[in-house]
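Notes to accompany the following structure.
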Amino acid sequence: MIEDINLAKTIIAKRIAREFKDNQLVNLGIGLPTLVANHIPAGINVIFQSENGIIGMGPAPQPGHENPDITNAGGALVTVLPYGCYFDTAMSFALIRGKHVEYTVLGALEVDQEGSLASWIIPGKKVPGMGGAMDLVVGAKNVIVSTLHTERGKPKILKKCSLPLTAKHVVNMIVTELAVFRVTPGGLALIEVNKDSSVDEIRANTAADFIVADNLKTMEL
Amino acid sequence: MFHKLIDRKGFSDLLKDDMTIMIGGFLACGTPETLVDIILEKGVKNLTIICNDTAFADKGLGRLIAARQVSHVITSHIGTNVETGKQMVEGSIKVDLVPQGTLVERIRCAGAGLGGVLTPTGVGTIVEEGKQKMTVEGVDYLLELPLRAELALIGGSIVDKAGNVVYNATTRNFNPIMAMAADTVVVEAQKLVEIGEIQPELVMTPSPLVNHIFVSEKR
Amino acid sequence: MIEDINLAKTIIAKRIAREFKDNQLVNLGIGLPTLVANHIPAGINVIFQSENGIIGMGPAPQPGHENPDITNAGGALVTVLPYGCYFDTAMSFALIRGKHVEYTVLGALEVDQEGSLASWIIPGKKVPGMGGAMDLVVGAKNVIVSTLHTERGKPKILKKCSLPLTAKHVVNMIVTELAVFRVTPGGLALIEVNKDSSVDEIRANTAADFIVADNLKTMEL
Amino acid sequence: MFHKLIDRKGFSDLLKDDMTIMIGGFLACGTPETLVDIILEKGVKNLTIICNDTAFADKGLGRLIAARQVSHVITSHIGTNVETGKQMVEGSIKVDLVPQGTLVERIRCAGAGLGGVLTPTGVGTIVEEGKQKMTVEGVDYLLELPLRAELALIGGSIVDKAGNVVYNATTRNFNPIMAMAADTVVVEAQKLVEIGEIQPELVMTPSPLVNHIFVSEKR
């Protein structure tokens, strides 16, 4: 296991950042997924969408250049790049639901071997609401779940989610600090392992059934 | 010709207990804050608020919840306002959580005279409870119904005296959609300009949709 | 009867123009309805919508000031007034269907005592298509049919339309050169008569049942 | 980074017999005329065209009908192009007439990932034939289904090299809606500008929707 949580998150962010091709439109969720933006490989221009109404979102503003009218979906001040634009929420979710966003990257409370995701409610405990997450996972062409492999020792990847779902059968890929899984018609497939981990360690920390891909690889970061 | 400017009293007179009000903004960005001030001052109660999120207890429309003027909120996210969750647990506010893309389409339906829309969002989740499910060409959808209000409060960046509105950057969000879906529409103008100063291609809410213009006291 | 067709059309246009209040949003159909714009009373500012994407449509451009990018729904070059704006077709019909347009004025092949209208097809003979007419009559708050009272001696106002409908039970008012009718829950009501005509002449030239309003008036132009 | 410019050959290579193509414009205003020229030159046949109207026999996309390259057209109006009516009577072209507001909503559904929409338009007329009728809160609606194409041809007034599009005046019409509802989107740019020259609030079609930019040979 990788004990350093910040290191674990960086591994996840770096690995996900390698998925994108030039000019692809990507939506990153709040929290861990946001880190992905810091690790886009040189030579690749990823276009970031923010569901509150931006395409071409840039980094946080330089001190003294903050504009309160330019925020992201987390409410933080951001910038827009020269090729960027703004639109209303109807257009934003038309883009999202209409399969115009190539990748959505988001966190999970639970994710399961069927590709179902729970990320928006712990009944009786925490009810923030789904925000745009339900639309994003149903609408984006590819859904990547970014999650620490375990939380307080408990696996996050399950046979079946127990919490209310964000959506059913929508996740394409799960990236943790230890492994990369793909959800395939034949079930969950382990396709990459962190060089410092092993199939056995992953099996011990995953509560889902999975097959090990024939061409299992080491996670490249 | 166009006599749309109103003052604090003019806006206050529009407010009543038990009203259904849509308020624009996304985590308070684009929310008409002075209009929220005036609702707080008037103290009308038992409001139903339709909004993207309940913002913060001390900023945006979330202040109305903190002041316990709201009995029902229809929204996609309440996580940034501790008051909403607290009052929900107490049972003093009813919270309907709606996926963001569904929320905006439901408002759009009301504004566009459509009877409903089929969305794949929420299928297989608790969102589908009580809703009609339909299959079109092998895909399952939920039928989502229109959502309308008596009053829509809009945050406009540049507004001309006819009522044409431009929204800067991400202040746009739900504002132009809500401006179509209420009996009365009030826009809080960050900047009021003369007719003819806005490029006609840039208008995001056409003037006939706006009933009243209130010049913002903020910024 | 009024034999001069141009005079008849002017009477209809003048009468309809008197319906509007200051700042109302109005859509005028092609042909006869277009003439209404020339007769708006002084002191009243009517805002014209054109379904191809204008609010605040102005008159035809002065020679030398034509802009091929500014056309109306009939394809003619027009202008936009200083308070005007442009939008796409989805927005245009959201405005129309969503009851944001106060009046739509359009012509008829047939109109009947139930408020149904036929205006877009003569099967086997003339099939131009409905364009935006079906949405306009369903969506506008008030539907005014402007029509010559008869065509080649035959009444245009019928008991029941025989041609395929544009919409059922949507017309609020019918204005001809001889009369003004209102479609009421109790049936078609004659509410105004041209000073040069009479209830008898109207009865002879109308193929619909109608009641004569108690407060029958002379058409004011 | 953005390599979207194509020439005549690049566009011609996208064309195939039997394609379904959406073409923007309203009575030829906003129609990409050079792209229509190239379709005429290539002579592809048996096309299905989705469009507001069939324009004129000698202007706009109506020229494709006059050249007998179209076997099916889905549109709201054919009255200005004598060729469409003539070929319809002959039986050599299939014409589906769709109310304008319904046509644009059906295209929007396809572009927005919606399974359909309930509209009151057409209820009680021959437009309702073969369609599911639904009653919501006492009002009758028709369920109208999405309409998608392989190719959308868009007339843009100002286009930057990333593919952001602005439409002047009434050239906008169906263009931004169609730009969302096709597998491949080609915009004919009246004026090509550098990235950064368009105000981000004014963009009407965001760049990721545009696959190819063709610089117009007209005007």
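Should a chain be cited, it is by its letter among A, B, C and D, assigned in written order, with residues numbered from 1 in that chain.
Here, a residue touches a chain if its C-beta (ideal position, glycine included) is under 8 Å from a C-beta of that chain, and two chains touch if they have at least 3 such contacts.
Being a predicted model, the structure only gives us computed values, none of them experimental.
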For this session: With centres defined as the mean of C-alpha atoms, identify the chain lying farthest from chain C.
Result: A
For this session: Could you give the separation in Å between the centres of chain C and chain D, each centre being the mean of its C-alpha atoms?
Result: 29
Exercise. Distance from the CA centroid of chain A to that of chain C, rounded to the nearest Å?
Worked result: 55
For this session: Please report how many Å separate the Cα centroid of chain B from that of chain D, as a whole number.
Result: 32
Exercise. Can you list the residues of chain B that touch 2 or more other chains?
Worked result: 105, 108, 113-114, 119-120, 167-169, 172, 200-201
Exercise. Do you know which chain A residues sit against two or more other chains?
Worked result: 80, 86-87, 93, 96-97, 138-139
For this session: Write out all the pairs of touching chains, ordered by chain label.
Result: A-B, A-D, B-C, B-D, C-D
Exercise. Touching chain C in the complex: which residues of chain B?
Worked result: 1-2, 108, 110-114, 160, 162, 164, 180-181, 195-196, 198, 200-201, 203, 206-209
For this session: Could you please specify the touching residues of chain A with respect to chain B in the complex?
Result: 50-54, 67-75, 80, 86-90, 93, 96-97, 116, 127-135, 138-139, 164-169
Problem set entry | Complex contacts: residues of chain A adjacent to chain D | 22-23, 25, 45, 47, 55-56, 80, 82-87, 93-100, 138-139
Seminar exercise, completed: Per the touch rule, the chain D residues reaching chain C in their complex are 26-30, 52-53, 75-80, 85, 88, 95, 97, 99-102, 104-105, 108, 119-127, 157, 167-177, 204
Exercise. What residues of chain B sit close enough to touch chain D in their complex?
Worked result: 105, 109, 113-120, 134, 136-137, 139, 141, 143, 145, 166-169, 172, 199-202
